[in-house]
Each structure stands twice: as structure tokens, then as C-alpha cells.
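Both complexes shown next keep subunit A, but they swap its partner, so subunit B is in the first and subunit C is in the second.
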Partner chain A sequence: MTIEFFILMLIIFMIIAALIAVESIDLLSAVIAVGAAGFALSVIDLLAGAPDLAFPQVLVEVITLVLLIRMVMTRRDTSRQTSRDTLRTAVVLLAGSVFLVAVFFAAGGMGMSGGIPPFGQPVMGSAADTGVSTQYLTRCAEDTGAANTVMGILLDYRAYDTLGEATVIFVAILGGYVVLRRVGRKKDAKEVEPS
Partner chain B sequence: MGIAVYVLAFGLLLIGVYALVAKKNIVRIIIGIAILGYAVNLLLVLVGYRHGGTPPILADGQTSADLAARSVDPLPQAMVLTSIVIGLSVTALAVALAIRLYDKYGTFDMNDIRNLRG
Partner chain C sequence: MKGMSPIVRSIVGLIAGFVMLYGLYVVSTGHLGPGGGFAGGVIIMAGTVMLILAFGGDKARELMEERRCHVLQGAGALAFLVVALVGLWYGGFFVNFLPTGRVHHLHSGGAIAISDLAIAMSVAAGLIGIFLALIIGCRAAMFKKDK
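And now, the complex of A and B:
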């Protein structure tokens, strides 16, 4: 009960931080509000029994914050505070209400197959213990020799998935390097290139 | 209470969509993408949560069947771990593109960038 209450409070904190990030006038305070939301998410992971997610979330949050602050601090924000476009806001609110109605219907069928499971009772917790999560939990120690089931799934059962993830990171870093590099951008930089 | 947690997570998703659609500043759009990622990760972790569940880590002297009876769902956590790192790469690439746009046009405003084409 208490842990659920803390999770609820932290989600409300995340929503407030996200609203500040979206609506504040200063860009630097917006970026810092996003950082607050990310650190709150890592605390939620820690409370919800996912320490394997809390530590990468903190690491990723620090890197994101450094990148965004580095981008915002040295550049002047000349964007005008334009009046809100009512049509687009209406479209967003309409889509949002459709989302919420869908959630209510999906979560309304508690325990039924196909809906979102009720909070605190995951799919694997049901009586039928043939689900893949239960199989991972019971077999992980002897199959992979890993005490940490999440790492066993990530690095053994689904190792190709992790390889694809590493490929995505590599391509993203390569793309950022190509976009930001100085060589080859101007004509007079040609003599710098050896070929 | 359970419904409230899911609805608030979807509300966070909604804030991200709103920032993505209605804002004209590139930094705000990147912030919207980041908030969308937070909301989806949060929802997946919450779906896998079990009341009073332990982390899916085998303790010393604990049997696997006992762990399976009381642990939270490990599969969404493995998926979300991939998603977190890919979200970082998306943010890094978007920041690189925004810096390049600022170098070329001198502004973060999408309206000005659109008008300055040529």
C-alpha cells in the first residue's frame, strides 16, 4: 500500500515536472525540469522492483541533461512566444481523450484476457504458469547461470536483441558525428582532408 | 488506485504528445520526445509490477520456484532497458540535428527556419 502510494505521488511529480518543461518560458529551466522527471522515473523503477532499470535511467538522464544544457546554455533563444494554435490544441486534446477512454475500457475488463492486467497483478502472476516470464524466472539460473534474471534475458535469451540495440547506438553516434563534423562543410576546408 | 496509476501514466504520455504537436521550438520538441519515452517506459514497468514483489534477482539460498512465486515480471524490464538506451541515442541524434540547424539559421524557432529557406 505504501509503495503504491509513493509510486502514485512520484508519477504526479513527473506530470508536474513535464508540464513545467513544456510550458516554462526559459529553455534552461525547461531542460532542468525534464531532468527532474527522469530522476523521478528512476526512483519509481527502484520502488517498483526494477533496480536494473533505475541505474541505467540515472546514467542516461545525466548524459541527456549534459547534452541538452550544453545545447541550450550557449545559444540564445529567439523564438517568439506565439499565441497557441487552437486547432492543433483541440486535435491533441481530442486524441488524448480518446486515449483515456481506451485505457478505461482496456483496464475495465479486469482479469479478462486481452485487457491491461490490473495494477499489481502481472500476467505471469496468474494460475497458468506456462507464461514466458515464469519460464524465464524458473529456468534462468540453470540455463544461463545468472542470478539476475533481467540480465539473463537481456544477454542470453535475447542476445540478438541486445546486438541490435548496440547497432542502433553505433548508428546514432555515427549520425551525430556526421551531422556535427567540421571537415567537409566549407569549401576552404578541403586542404585539411588528406585525400 | 490501480486505475489512477495507469491513467496518470497515460496523462504523462499525453503531455509528450502535446509538446510534440503544438510547440514550435526545437528544444521543446526534443523534450516532448523524451517525455513520451519516459511515459512508455513507466507504463511498461507498472504493468509488470506485482504487489509486494521483489526484484527478479535470485537471493543467496533461494530456489528458482520461490523467486518465480514472488518476483515482479522480468520481461518488461528487459524490454524497457533496451528502450531506455535507444531513447538516449534518439535524443543525442536530435540534439545534433538541432545544433546544426542553429548553426545554419541562428534560431530554434521552426517558423523562422521555415521562412529562412533558400
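And now, the complex of A and C:
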């Protein structure tokens, strides 16, 4: 039983949960299926040796589940069933699979000594010892003073990327405020049903 | 929005402090172990959401009104930018301007801890604000519509 086997099982579980979430008529069971998919993803993160990623994943799943159940339980509404557009679904699936195949071949052609490296090997540092990820791993402690290499990369080497992420969260929350605000909204807008 | 039963209230009152303390621990030791600004901020937000759900909306507004959330969120984002700009004075954007200290000690990592704190403040305040807007605002509008 290798670790890849467990991860494959969890991915299959996630796909089934996602299909249930899309197909179920009851909103509550759809929310629970989404939560199951998210928790399976966090277990995958743990198996792949990324607790820094699994930790926020579990937290966000718990929050999302509580929030969505709290909202769903207040109304006895079920999602509307509409007839499915088969052509559109087929085109989207085809585009997605072509993209995946293209990514696979592009990663193989980028001089990574014969395709995607095996599971658990760093992608950027596998070719030689001079790879950038090897440099990060060996020099992080003396460069940044952070014992947690992930945080050293996130907030020191790659802090500019983290600034972008923080900006994304900030702007997303700002957009939520704009949609949900009560101050400064016209009187008759209160009659609009909250979604 | 009404609160929950006395059993839930007393349990939440016991637990909430520990949840907040754990959130602060995760934020402040982000450079030593798994965690960091985002995870710690979400834990603090989860503790506050627990309090809001247990004690109801009126109590929540006394604890954390929306205006204060907005101010704290902006202040956190601004603090992160200030860390970046202070680094500019020391030689480049996001240069770690504080001494790195000894590895594996709490006082290490330089500006990483400050950045963690700023991100945690922004994330926690922003998510609490969006929760308040989403739950309390929507439910108030819904009850008004039902009448």
C-alpha cells in the first residue's frame, strides 16, 4: 500500500462527492457533499506532507460548512432543476482534458530530464542541485531565520507573491461588502430578496 | 437573530477564550511551525463566529461592530504594505529589515512575524465583517419580508 494508492482513493472519493454536490436536489445534502470533498482534499495535503496547507484547508472547510448550513437551514428551498445542455457540457469537458494533456506534455518538454518527476520530488530542483528549490531548502534557515521553511519562502523570499494573495483576499471581501451592505443603499432596494 | 440554548451558551463561553488563545499562538509561531497569518486569522474568526452564533446578533454587535471590522481590516492590509515599503529603505521591496535572530527561537525570522500579524488582522477582521454582513443583514431582511 503506497501513499499514491491512498491519494488516488481520496481523489476518487472527491470526484464522487463533487458529483453528488452537483446532482443532488436538496441544498443541505449538496453543502455536506462539498464539505466532504474539502475534507478529503485536506487529508490529501496531510498525506503529501504539507501540514501548512492542510491546516487552513480544514479551518476554511469548517467555517464554510457552518456558514452554509446556517444559511441553508433557514429556508426550505431546493435548487431548481433545469434541462441539461449536453453540447455545452461536452465542450467544457473536452477543453479541460485538452488543457490537462497540454500541461502534461509541456512539463515533459521543459527539460526536466524526462517528464514530470516522481511523486515527492521537487519539480524545480530535481534536475540538478543548483535548482532554486534546493537553494531555498538549504539556505532558508540562515537567510531568513525562520525554522518553518514554508513561511520563510512565503513571507521572505516570495513575499511579493504573498502581497498579491493578500490583495486578492482584501478585494474579494471588499466586493462582498459592496454587494451585502445596508448603509448607503436606497430604500426600495431592501425589498430585493437576499441571495 | 436570537441566540442558542443556555447549555450552548455556557459551553461556548468556556471554550471561546481558548480558541482565541490558540489562534494567537498559531499567528505568533508561524515562523516556527505549521500555521501563520491566514490560518491563525481564520481560527480567531471561527471563535468570534462561535460567539456570534451562540449569543445572538445584538450581543455580537456590542462585541464587534461592522465599522470596527472595516477599520481593522484596512489597518492590517496597510501594515503589511508598510513592512514592504520599510524594506525598500533597507535595499529593496520586502527586504527583511530586522535581525534574523537565532533559528528555532520565538524571536527570529525578522519581519516575518510582523507580516504574519498584519495578515492575521486583515483576514480575521475581514471575514468577521463579511460574516456579520451575510448572516445578520440577510436574516434581518428576510424576517422583514416574512412579516
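We adopt the following convention: the second predicted complex is superposed on the first by the 146 of 195 C-alpha atoms of A that agree within 3 Å, B and C clash if a C-alpha of one lies under 4 Å from a C-alpha of the other, contacts with A are read in each partner's own complex, and residues count from 1 in each chain.
By our rule, a contact is a pair of C-beta atoms (placed from the backbone, for glycine too) under 8 Å apart; a residue touches a chain by one contact, two chains touch by 3 or more.
Note that this is a predicted model, so its numbers are computed, not measured.
**Student:** Return first, second, both or neither, reflecting whether A:Ile20 touches subunit B, subunit C, both chains, or no partner chain.
**Tutor:** It touches nothing on subunit B or subunit C.
**Student:** After lining up the shared chain so the two structures overlap, which partner does A:Ala37 touch, if you call subunit B first and subunit C second: first, second, both or neither?
**Tutor:** A:Ala37: touches subunit B, not subunit C.
**Student:** Which partner does A:Val60 contact after superposing on A: first (subunit B), second (subunit C), both, neither?
**Tutor:** both
**Student:** Kindly classify A:Asp45 by the partners it touches after superposition: subunit B alone (first), subunit C alone (second), both, or neither?
**Tutor:** first
**Student:** Tell me the contact category for A:Gly176 with respect to subunit B and subunit C: first, second, both or neither.
**Tutor:** It touches subunit B and subunit C both.
**Student:** Just to be sure I read the superposition right, which of the two partners does A:Thr144 touch: subunit B = first, subunit C = second, or both, or neither?
**Tutor:** second
**Student:** Going by the touch definition up top, name the partner, subunit B or subunit C, that contacts more of subunit A.
**Tutor:** Greater contact footprint in residues on subunit A: B.
**Student:** Looking at A:Ile153 after the superposition, I want to know if it touches subunit B, subunit C, both of them or none. Which is it: first, second, both, neither?
**Tutor:** Once the two structures are laid over each other on A, A:Ile153 reaches subunit B alone.
**Student:** Who does A:Ile69 touch here: subunit B (first), subunit C (second), both, or neither?
**Tutor:** neither
**Student:** Indicate the residue numbers of subunit A shared between its subunit B interface and its subunit C interface, in ascending order.
**Tutor:** Residues common to the subunit A contacts of subunit C and of subunit B are 51-52, 56, 60, 63, 67, 71, 75, 141-142, 147-148, 150, 154, 162, 169, 173, 176, 180, listed in rising order.
**Student:** State the interface residues of subunit B toward subunit A in the complex, per the touch definition above.
**Tutor:** My answer: residues 1-19, 21-25, 27-28, 30-32, 34-35, 38, 41-42, 45-58, 64-65, 67-68, 71-75, 77-78, 80-82, 84-93, 95-100, 102, 106-109, 111-112.
**Student:** In the complex of these two chains, what residues of subunit A are touching subunit C?
**Tutor:** Going by the criterion above, the answer is residues 51-52, 55-56, 59-60, 62-63, 66-67, 70-71, 74-75, 141-148, 150-152, 154-156, 159-160, 162-163, 166-167, 169-170, 173, 176-177, 180-182, 190-191, 193-194.
**Student:** For subunit A, which residues count as touching subunit B in their complex?
**Tutor:** Residues in contact with subunit B: 3-4, 7-8, 11-12, 14-15, 18-19, 21-22, 27, 30-31, 34, 37-38, 41, 44-45, 48-53, 56-57, 60, 63-64, 67-68, 71-72, 75, 77-80, 82, 84-85, 88-89, 91-92, 95-96, 99-100, 103-104, 107, 116-125, 129, 132-134, 136-142, 147-150, 153-154, 158, 161-162, 165, 168-169, 171-173, 175-176, 179-180.
**Student:** Where on subunit C does subunit A make contact in their complex?
**Tutor:** 30-36, 38-39, 42-43, 45-46, 49, 53, 70, 73, 77, 80-81, 84, 93-94, 96, 99-104, 108-112, 115-116, 119, 122-123, 126-127, 129-131, 133-135, 137-139, 141-142, 144-145
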